[in-house]
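Next come two complexes built around chain A: one with chain B, the other with chain C.
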Partner chain A sequence: MEARASASWDQNWGKLGLLPLPAPRGGERGRSNLPPIHPSISPDCALVAAFALTVVASWGIYALLGLGIVLVYRTSRILNIAGGEIAMFIGYVGALAVADGLPFPIAVALAIAAAMALGVAIFWLAIRRVMGEPPHVGLILTVGIGTILNGLMIVLFGGGMVAIPTGLPAFTTIGAVRLPTPDVVAAVGAWLCVAIIALAYRLTNLGLQMRAVAERVMLSAQRGLNVDRTLALSWMIGILAIGLAGILHGERALIALSASVIGVSALIACLIGGMDSIKGVVLAALIVALTENFTALYLDPRYVLIAPVVILLLILIVRPWGLFGTVEELRRV
Partner chain B sequence: MITPRAPRIPASLPISAGRTFALRRGRAQWSSVFVGILALLALPVVLPPFWVHLVNGCLIAVIGAVALNLLTGNARLVSLGQAAFLGIGAFAAGLVQRAYNVPFPMALGCAALAGGLVGYVVAQLSLRLRALYVAVTTLVLHFAVVTLFSFVQAVFLDSSGILLPLPSLGVLELRTPTQWYYLLLAITALVVLGALNLLRSFIGRRWIAVGEHDVAAEALGVPVKQAKLSAFTATSAVTALAGALSAYYVGTVSFESYTFGLAIAYLAMIIVGGIGSVLGSVLGAMFITLLPYVLDQLFLVADLKFRPNILAGIHQIVFGTLIVAFLLFEPRGLAEIWRRMRLSASNWPFQYRSASRVAR
Partner chain C sequence: MKLKLALAMLPAIAAAGLMLSGASAQQKVQKIGYIADLSGPMQDNYGPIVEGFEFYTKELNARGGIDGAQVQVLVRDDQLDATRASSLALELATSEAVNSIWGMSQTRTHLAVYQTAARNRIPAVAMFSGIKEVLPPNPLPFAYSAGHVFEVAGEVSGKLAAKMMNGKGKAICNSIEAPGGVAACQYAEGAAQAGGLQTGTVLFPPTVTEFGAIAQRMLAMEPTIVIAHAGSGQNVGLIKALRGAGFNGPILMGSHGLNEAPLINALQGVGSLDKLQIVSRFASPDSPGKELDAIRAAAAKYGKTTPIATTTIMGWALATLMEASLRQCGYPCAGDKLNAVLENIKVDMGALMGGPIRFSPTDHYGTSWWRVYQYNAGNKKFEPASEWLEASSTPTLRKQ
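Up next, the complex of A and B:
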């Protein structure tokens, strides 16, 4: 019985990976945290409004996170799998700032600065050296970066559950409907960020440069573009989008180690939409958010994570390049 | 003007195919193999039981790492679902054991079968996809499988999972780490030798060809679909076997053991050890398995006390840093370092060998 008695090998591995089962999220709020119903409105209508707001908020957050992954993938062809960890890391920075007594906007500004610095650091220290290697190298590199960030979250921030309170009143009244403010802030903030980043990508000079690098690296270098700088910028903006998604998620729900599964949901959205399409990721984020929230509402919040997987598998069978992905992207065998 | 002299072609160039592909050549190499076998057999006699226990952990990890390295290192299908496949093996063995009380070897067989089946299905899905998509499919598989296990455990089983009985091989019950050691050593030796032979055979060479460039491989007549299917199925079966072994070794099956961190630990093993190298898998598995204990001992010596939570965080940071550092600075891992050390030792006091001696 000695083998059983001594400290088990497997338990030690268990200690290493602190990614327990995803905490129920999303639709759980739709059920338990419903706002008190305004007297002048029928209960059903208030329920539907709150549920719709929940969907819009999580849609926006997934779209923002997915946007960060897609932007980086388009320019550097590296699939960033550490999205969830990066989001939570930046979320912890914001939560720490708020806990230190800073007002919410300043905490957000600090977190934004941290996200930009993190993006540039990740690019210059690691990603730059593996550009042009086979794609799996960059992918595994981001797995390593995610592991480091996960460990840092435990060591620096304790790895517990924290919130990022805005300091606003708990409910907002729009017309005759009272809605939970965190969801309103998350929805408005996320969609504002998505719109700004997507428009900047389309309209500004920098966006044009990034699209040029995404199209053809060699040609853009010959036209005098500083490719390294453009790539660094795209990583900066991508990580910024991911970090903003993390902050908004923390504002709406909680920042926790296990909450980094929002990265998985966003990745699924990217794959459904097509890895290199902004339009696709925004649409697919809606699909993922709807699936998750309806699963939580009608089935069980524990299956929130696997419900979008079913849709992803269907999409992979029918259109493996995603809804809006470039078809030549995929080298089918 | 100095005209470079043409290198002399050594008379003893290996000509026969058997000699070219032999794993060991000459009396010196064979005697080192014998010494190694003797040392491995004598290990539990020399080491204290706790160390044997650690070595057992290494051996189980070696089985899983060799399989993952064949899949990710040679066939270049990046799998983030290693923990899921270990869990599939453990749950298959545990459920079969619980339902039908089958003997230990049969439970292992069932585990391998279940792993192979799931691997086959995943391969069918990921055949349509490129490397990146395979990685994401397996990542998603991980979360789906763990959620499924948590459901099974919550609805059909006790909260602590399945308790496994002491495994027995015929008349012998496996009780002590030493008894386990010999069983695990035998299985590990089989898996390692199997992997080495596989890479020399047409199957392994097909996997490598597909991993290097699937379109080129197809143009050369390699059945790409078949190669990818067989790679995924075979390695998943071996991984599930490792999962079942570790479950029996620990004595319980519970979904909480199969975290994403475990999958990353296995990925770290093959990257630190050396992508695509069997020796690398062995070295990396030992390195990563022993690393937490070594770190704990170091902290003990340095008189640093951390809460277990923080300690887990430090382990993760070290793991992640190792993955990143090896990828950036030594992509071929410990196996390459070992090769360089051996080469410089055998060439000493010279920098390199003359061309005429290389072939021997």
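Up next, the complex of A and C:
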């Protein structure tokens, strides 16, 4: 054993077989390794295009997750700060289903069902009991929900880092442009979900009922609206949006306990945009996504999670209710 | 008559009972402690290491144990928390009177366990990655490591990168911004520069899981080879993002506790994997050799349903060291005596590693041997691509 191991590096190097690798094409440095989007596009342009797609995908995921937070805040006035944990929990459900051999679409359907069930369960078992209590009670409740989900993710799913492979080819060609499929799926999927949920909120009867409860809960009840049912449905849709964001994050990146940090990014987007503003959260999600990705690419990736918080602090100093939030009056009796 | 018979039998029954209880009191047991993160964020890494350790111990006890004493492993879960790890080490050393602590989690818990163990005069032997600054020969008696040390792993990866690229091109190292990751990249850069490469480093927070812009930043630095010293899961995200951004060059991963099967599964469909390498101190799960056969047989015997991983091999190798040290110590074996044994031990690891685990009074880490494994897309396995390469426990090529 020792004789085998005592050979020098150079002696052993001759036995490497596969190594050393051939010199890189296109010169000494690795410019040739930059994204081959199109022969007519320079590597720098290719980098910008790849960056743009990354931002659009992140923007869509934060907007979808933020939308889930804003929807439940509008109807129940509870700030759900367990968004990241809920996203990862549903993401783990999807990842487990794919790992068990289910096709990606079936796994997503299963995760959607789990998200809807979780939303209704959270409302009926916890939130309904604190409706009408001071806002901090509901907030603390969501802290507890996040902690419980964190523990469940460790017990049920192992808490490791897992991906959700779609089974699609690594690259998608759109016209002359070749793009990474996970980012394309995440961007298209997230924006489709945002559009459907926002339009449903604006155009359907259920959306009308949710808006009515959001604006005048007592009046809605007096007019015969089943407030509990409407609130349950709003939590179901809100958690569904959050869960979808988790699945898309897992498809594009990773599902992990630590990835619940995407909930912090989405919450920052909600606070910047205004807690009760759908258009605010969509716009602010762009600010957060752009800040994070710009910091990673052009400044220093070590500050990627701090940079949006700095933006939030600056905006809160100027507009404490956010860019599009409603200034709510305090009523004291 | 029956009553008389029963009365006559009483002394015999009592004597038999006394003999049995005496025999049970004489049942020899050697208690050892094992601390690792078994339900925290790194449980995926540590679970199989403990499993490998326990498989070996069961086989050892089935062979009669140490001098007739059964080895009892008291496993404790530190959840990657240094305070908890320290408390558990104290509990094991005092309440349970173990003579040693094995396994251990990351650097952040190593020092806590080492210090508690040293105060109680029992050796602590780590198998997972640590940082040399908290290991001997710096002044910590009773502290040993048979696992990856980040500085050594960094230097080895940098040397390998330079060799792989024939001293031409640029190596970009990446890792999490934690002491181990920073140290690994400092030495990787130093060694790669010494080998003729230009270098750079990209660090990111440990909680990052989306690597799109980080991969683009690395590409903008024009790498010809990427050296990855992040965690196993983060490597998946990084490789996915690098390949997605169009980087088709080699990616050399430091194996800091790797479970191959989940990594390979997660990497399917992310683009070309034909230039994906791992540099590891241990044999790969598919390697031949009687020691590997023994692990596979034990895994099947004790009902393991998932494939063995490098981490399982790490646990088995650590237990091999445990058996050798306890045998030399004899029964009963106190902490001081076991420490004296460990300070002068040399254990042949057969096919598990490239050379023996050897500690000396001035070197509680020892020389290590490293091997490159190349991913084979045909059979979806990492296969040996080099002989074992020797590395000193005192790396010198830190980036200035």
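The working rule: the second predicted complex is superposed on the first by the 288 of 333 C-alpha atoms of A that agree within 3 Å, B and C clash if a C-alpha of one lies under 4 Å from a C-alpha of the other, contacts with A are read in each partner's own complex, and residues count from 1 in each chain.
The rule is simple: a contact is a pair of C-beta atoms (placed from the backbone, for glycine too) under 8 Å apart; a residue touches a chain by one contact, two chains touch by 3 or more.
Quick caveat, the model's predicted, so the values are computed rather than measured.
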item	value
Partner chain in contact with A:147 - chain B first, chain C second, else both or neither	first
Which superposed partner A:166 touches (first chain B, second chain C, both, neither)	second
Touching partner for A:74 - first (chain B), second (chain C), both, neither	neither
Touched partner set for A:305, first chain B, second chain C, both or neither	both
Which of chain B and chain C A:252 touches, first, second, both or neither	second
Touched partner set for A:261, first chain B, second chain C, both or neither	both
Which of chain B and chain C A:316 touches, first, second, both or neither	first
Touching both chain C and chain B, counted on chain A across the two superposed complexes	1-2, 4, 6, 8-9, 12-13, 15-21, 154-155, 158-159, 261, 302, 305
Complex interface listing, chain C residues touching chain A	39-41, 43-44, 159, 163-166, 168-170, 177, 202-214, 216-217, 219-220, 222-224, 231-234, 236-237, 240-241, 243-250, 262, 265-266, 268-271, 275, 348-350, 354-356, 369, 372, 374, 385-390
In the complex with chain A, residue positions of chain B that touch it	49-50, 53-54, 56-57, 60, 72, 76, 78, 80, 83, 125, 127-133, 135-137, 139-140, 143-144, 146-148, 150-151, 175-177, 180, 214-215, 218, 224-225, 228, 246-247, 249-251, 255-257, 259-265, 267-268, 271, 289, 292, 308-324, 327-328, 331
Residues of chain A that touch chain C when the two form their complex	1-2, 4-9, 12-13, 15-21, 23-24, 28-31, 33-37, 46-47, 50-51, 54, 57-58, 99, 154-155, 158-163, 165-171, 180-183, 249, 252-259, 261-262, 292-294, 296-298, 301-302, 304-305
Residues of chain A touching chain B in the complex	1-4, 6, 8-22, 79, 81, 126, 129-130, 134-137, 139-141, 143-155, 158-159, 261, 264, 267-268, 271, 275, 302-303, 305-306, 309, 312-313, 316-317, 320, 330-333
